[in-house]
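Mind having a look at this structure? Questions to follow.
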Amino acid sequence: MRIGVLTGGGDCPGLNAVIRAVVRKGISTYGHEFVGFRDGWRGPLEGLTRPLGIPEVRGILPRGGTILGSSRTNPFKIDGGVERIKANLADQGVDALIAIGGEDTLGVAAKLADLGVNVVGVPKTIDNDLGATDYTFGFDTAVNIAMEAIDRLHTTAESHHRTLVVEVMGRHAGWIALHSGMAGGANVILLPERHFDIEQVAEYVDKRFETQYAPIVVVAEGATPVEGQMVLQNQELDAFGHVRLGGIGQWLAEQIEKRTGKEARTVVLGHIQRGGTPTAFDRVLATRFGLQAIDAAHDGDFGKMVALRGTDIVRVPLAEATRELKTVPIERYSEAEVFFG
Amino acid sequence: MRIGVLTGGGDCPGLNAVIRAVVRKGISTYGHEFVGFRDGWRGPLEGLTRPLGIPEVRGILPRGGTILGSSRTNPFKIDGGVERIKANLADQGVDALIAIGGEDTLGVAAKLADLGVNVVGVPKTIDNDLGATDYTFGFDTAVNIAMEAIDRLHTTAESHHRTLVVEVMGRHAGWIALHSGMAGGANVILLPERHFDIEQVAEYVDKRFETQYAPIVVVAEGATPVEGQMVLQNQELDAFGHVRLGGIGQWLAEQIEKRTGKEARTVVLGHIQRGGTPTAFDRVLATRFGLQAIDAAHDGDFGKMVALRGTDIVRVPLAEATRELKTVPIERYSEAEVFFG
Amino acid sequence: MRIGVLTGGGDCPGLNAVIRAVVRKGISTYGHEFVGFRDGWRGPLEGLTRPLGIPEVRGILPRGGTILGSSRTNPFKIDGGVERIKANLADQGVDALIAIGGEDTLGVAAKLADLGVNVVGVPKTIDNDLGATDYTFGFDTAVNIAMEAIDRLHTTAESHHRTLVVEVMGRHAGWIALHSGMAGGANVILLPERHFDIEQVAEYVDKRFETQYAPIVVVAEGATPVEGQMVLQNQELDAFGHVRLGGIGQWLAEQIEKRTGKEARTVVLGHIQRGGTPTAFDRVLATRFGLQAIDAAHDGDFGKMVALRGTDIVRVPLAEATRELKTVPIERYSEAEVFFG
Amino acid sequence: MRIGVLTGGGDCPGLNAVIRAVVRKGISTYGHEFVGFRDGWRGPLEGLTRPLGIPEVRGILPRGGTILGSSRTNPFKIDGGVERIKANLADQGVDALIAIGGEDTLGVAAKLADLGVNVVGVPKTIDNDLGATDYTFGFDTAVNIAMEAIDRLHTTAESHHRTLVVEVMGRHAGWIALHSGMAGGANVILLPERHFDIEQVAEYVDKRFETQYAPIVVVAEGATPVEGQMVLQNQELDAFGHVRLGGIGQWLAEQIEKRTGKEARTVVLGHIQRGGTPTAFDRVLATRFGLQAIDAAHDGDFGKMVALRGTDIVRVPLAEATRELKTVPIERYSEAEVFFG
């Protein structure tokens, strides 16, 4: 078999580990051949390829990013896109495609599978918001980076008797905020899943100031206050109704400072959460995903996605991947609330 | 309720996170009181206590070790030990005990539960070898520390065209070796679960030397070769039949050097695998274990142990904890073997 | 002797290491007594103290921040401030004061020394901009944190064929940008000491895009373009003429994106650069500063500041500390320029 | 000019940073050509080369080890070795050689310079024991790795009320032990420069056990007790009179356990101290060394070695490099002693 591999959407620590596992097992165990498609769906769409064999995947396990490049190109939004992909796959003699990506990338994969393309999906979402799998790689790395930042901020906050607001990734699901906040000993954690009351936040902050410790507020970028509390003046909302320009973190710091009378500062972690070398958890998970994906392709078990269930790697229908957004359930948030204030 | 807490056995990153969660929720949600017992079962045996309230658990979440101290004391091996424990618990007015520990500590807890003591167990094993739970805290930290060491050793091995043998923890189960070896891109991984053939190991090593990369061999301290290969001369075996003095890592390096004609060196990671600040995974898991343990104690649901199943924290009978050693199954080892050589 | 200790200005990894060294040697070698003043000059001004002995300094060596707290209070800007300080020092029976801080804190110390107060200074500036010492503690930690962030950003930039602009600390001196940029393999480094030409920056970026590597631009927060290039519309300048709201990093990303036609993103590292555990370099330097400071106080050698010269810790007049800002000389910038583009 | 580059001796984080700086500046600023010699002096001896241009040095700045490989080959110990080197340099059209290495490598370089070979040296010693330079790259990385291990060991030692002995590199000079011990808050630090009294060590350990903290003993591998204290039975000495088999760390732990009646354990850090990515200090220093080395070669200033003096990179005669071993002076050890016990 000749198998194409592509990575789409935002980059995520562990992508290279998947690619390496697919190629290593595909060649040494099954004797398949590989071709790498560049930059997500743009690769098969425009026929952009690169060689992909044992030499190309040596040494990439600990490297962040993706050697194949990525993009957000969606062939279904391009006239004749699907036909061009089919033609290019045929030109390249590709029998099967392994697509590694998030909701969008796998959504395209699912539709192509319905149209007869032999696809296996590998789920990737740094936000941990895909319903079909317990965890995806990249999430653990992001949470550890955020936690280490929070660890550092505790002492600076205490020395200056300040509140520090840490804005982490999470537009629609607050998993990174929840886990990094729990791990970092945050005073308050705010998620997109639940509108927060700024007065309540200020109360928690005030309460923490009664100790020698200073408050750390962890906020997902997509979190918003209850209706009426955010009167926007110099700020705009983006397409999702989230605060642009300055962000929710900066707004929170201003509001907390006003209410508590004590300085508040914001740190926006941004892209460092998704770059760099993966944690052990993510390297092992990504490797196991890759092994299962090449097994599925070898078995001709197409239209499937690999997934983690407990400690097992299983195959589920690709369609499941995008069926529902996995948000933080109320019970998990309640666990964190024990430590608020 | 007045609740005692103790930590037993080898220390493990995350113990303090459990203690903190138990105490924080116990006091703020349920209004319980706490007393800390020092140094594992020696605490209730000898009536050694320390205060345990909100101030004592502030700031301990990121700290390795245990503020309560630990020991391997087993009251069932001491004349009148059980009676003394019961008497001391009564003296201290303790209604329930939360025991955090591994096979030995929980074995004592299970027996005490049978004798009418109100106990809830929290599983702890850096080796990940308790059958009743998917993972325990401390394991992820140990794996990451070992992986970071392996990452470092790759470049030194390559520069000198040497084999590096990394000996990691794991007397009876090879989970740390398996995960750190997979995450670190090891050339060979050797586990206690499977006797290895030193000739085969040397072949894998030779094969890696054909590339620009140098071989890293990860070996669990309890791994042993097939019968007849290890002719012990200046070395002794310990009670479990494992190599003492120098260890299996050193023996391996000598054998590999002899067979390949290229230098080999050993690094024994030892205690750094169990010390220091926990990873985010371990802090979150330990915190969730603590929350579930105090819930169980509050509910009067004694004789139980908390456990991770998938993404849920559940309660299982304490007796299950020690029923069987969870070793690495053959399928998991086969995943790793794809990358050997 | 009874000696007061205070820490002023922005916090900095290593402050606690200084305090520990002062107290440990002062008590064990010389038999002095100590009192901690809280929150910089506010402590002696308002008579805010805390106990400071061997138990208080145990375990603080690896901790960021300062156990004494900090502030930017300047007694010379407060009516009767100096008299109140003198009175409070007398009340506390303090014979000598060890003041740990930056330009402002040491400026106050120098003036108080002229007024007869027995002061020894310890220089602290995360920006490394004090002329009287080769290095100060905190700088090495900040540079390593920034470098690790840059390391992480390389792979994410490459995967998405994006420019990443990293804004680091440095309002008046670009040392953090210079060293973290050199260490992180930045494509361009922009400093406050030298107006940059945005067209030249865009050329460097374009040139890097010709390789498989993506450009990382490291910019000190105080860097500014040559005259006329920054037409401010929705942005304001602060008191120093620096870009507020959004910052120079965001402006750069917008300009680079416009000129290169490729996406550019910004990461502002902010407070994580000054928090958390110090590096070995900073712990050793801070400890040696503390030892020399208590020696100076014991010798009655007041009005002095400790300083690093080569590998030696020496004493220099306090007045020297604030005489001139140590900016990046042209030769050092030229070293970095070799790697631009 | 056509310039050869080689790296000799034990590997050291920062070697690749030197190579990169040499090549980048040599090509972009001066237009020179480069050839890489493999595996130290074995390269020019046996004519083993590899291409060395801009593409070969891209991305190597953060990588440990050396892309050129290393060895301990000494051409002066090989019949006709020098002639073969001269012949191979001529064959390759090499006008000048940049040799990066420690005492041995630079000793060869100095002798070759006397014989008319155009050599520039770059000092490398992870042990920091070259007298001609304030610091060398690799040392700061090794110290940080050791310090992080010590940080981790504190909590495990405390939880078990154990002594932990940490054996670090340093056969003849104790710089790594001194700096990592000071940075890690060691209870005792033992160096090759000074025979230690095991009874005194046990006293320090006992004293620390009176606190809640547990003793950490940091020992350089080359440290030895005062005469008569080490009665060797099953142990041998190596060529330098150092303890082989088990090492000084293990001997210390046994002696401390015997004298204090409390458990003691050993960790031997070994090769992880010299592998992996360099710290910012080492990347900047190595880069600046490389820039100065290529400047010297371009200037025809041969027979020189680059060196750090204060914050400046200077050139000194190659002969100086090997003139004397820089050991830890008594004043520096006295600084550390303040914290013993």
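For reference, chains read A, B, C and D in written order, and residue numbers begin at 1 within each chain.
Just so we're on the same page, a contact is a pair of C-beta atoms (placed from the backbone, for glycine too) under 8 Å apart; a residue touches a chain by one contact, two chains touch by 3 or more.
If you want to know which protein each chain is, UniProt gives these names: A, B, C, D = Pyrophosphate--fructose 6-phosphate 1-phosphotransferase.
Bear in mind that the values here come from a model prediction, so they are computed numbers and not experimental data.
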Farthest chain from chain A by C-alpha centroid distance is chain D
Averaging only over C-alpha atoms, locate the centres of chain C and chain D and give their separation in whole Å. 30
Report, in whole Å, the distance between the mean C-alpha point of chain A and the mean C-alpha point of chain C. 34
Centroid of chain B to centroid of chain C, CA atoms only: how many Å? 41
By residue number and range, which residues of chain A touch two or more other chains? 151, 277
For this assembly, give the contact graph shape among line, ring, star, complete and other. ring
So the touching chain pairs work out to A-B, A-C, B-D, C-D
Chain C residues within the chain D interface of the complex: 21, 24-25, 28-29, 58-59, 61-62, 134-135, 140, 143-144, 146-147, 151, 179-180, 182-185, 211, 213, 277, 279-281, 283-284, 287-288, 291, 309-311, 335, 338-339
Chain D residues within the chain B interface of the complex: 7, 10-11, 15, 39, 63-66, 69-71, 145, 148-149, 151-161, 164, 245-246, 265-268, 270-272, 274-277
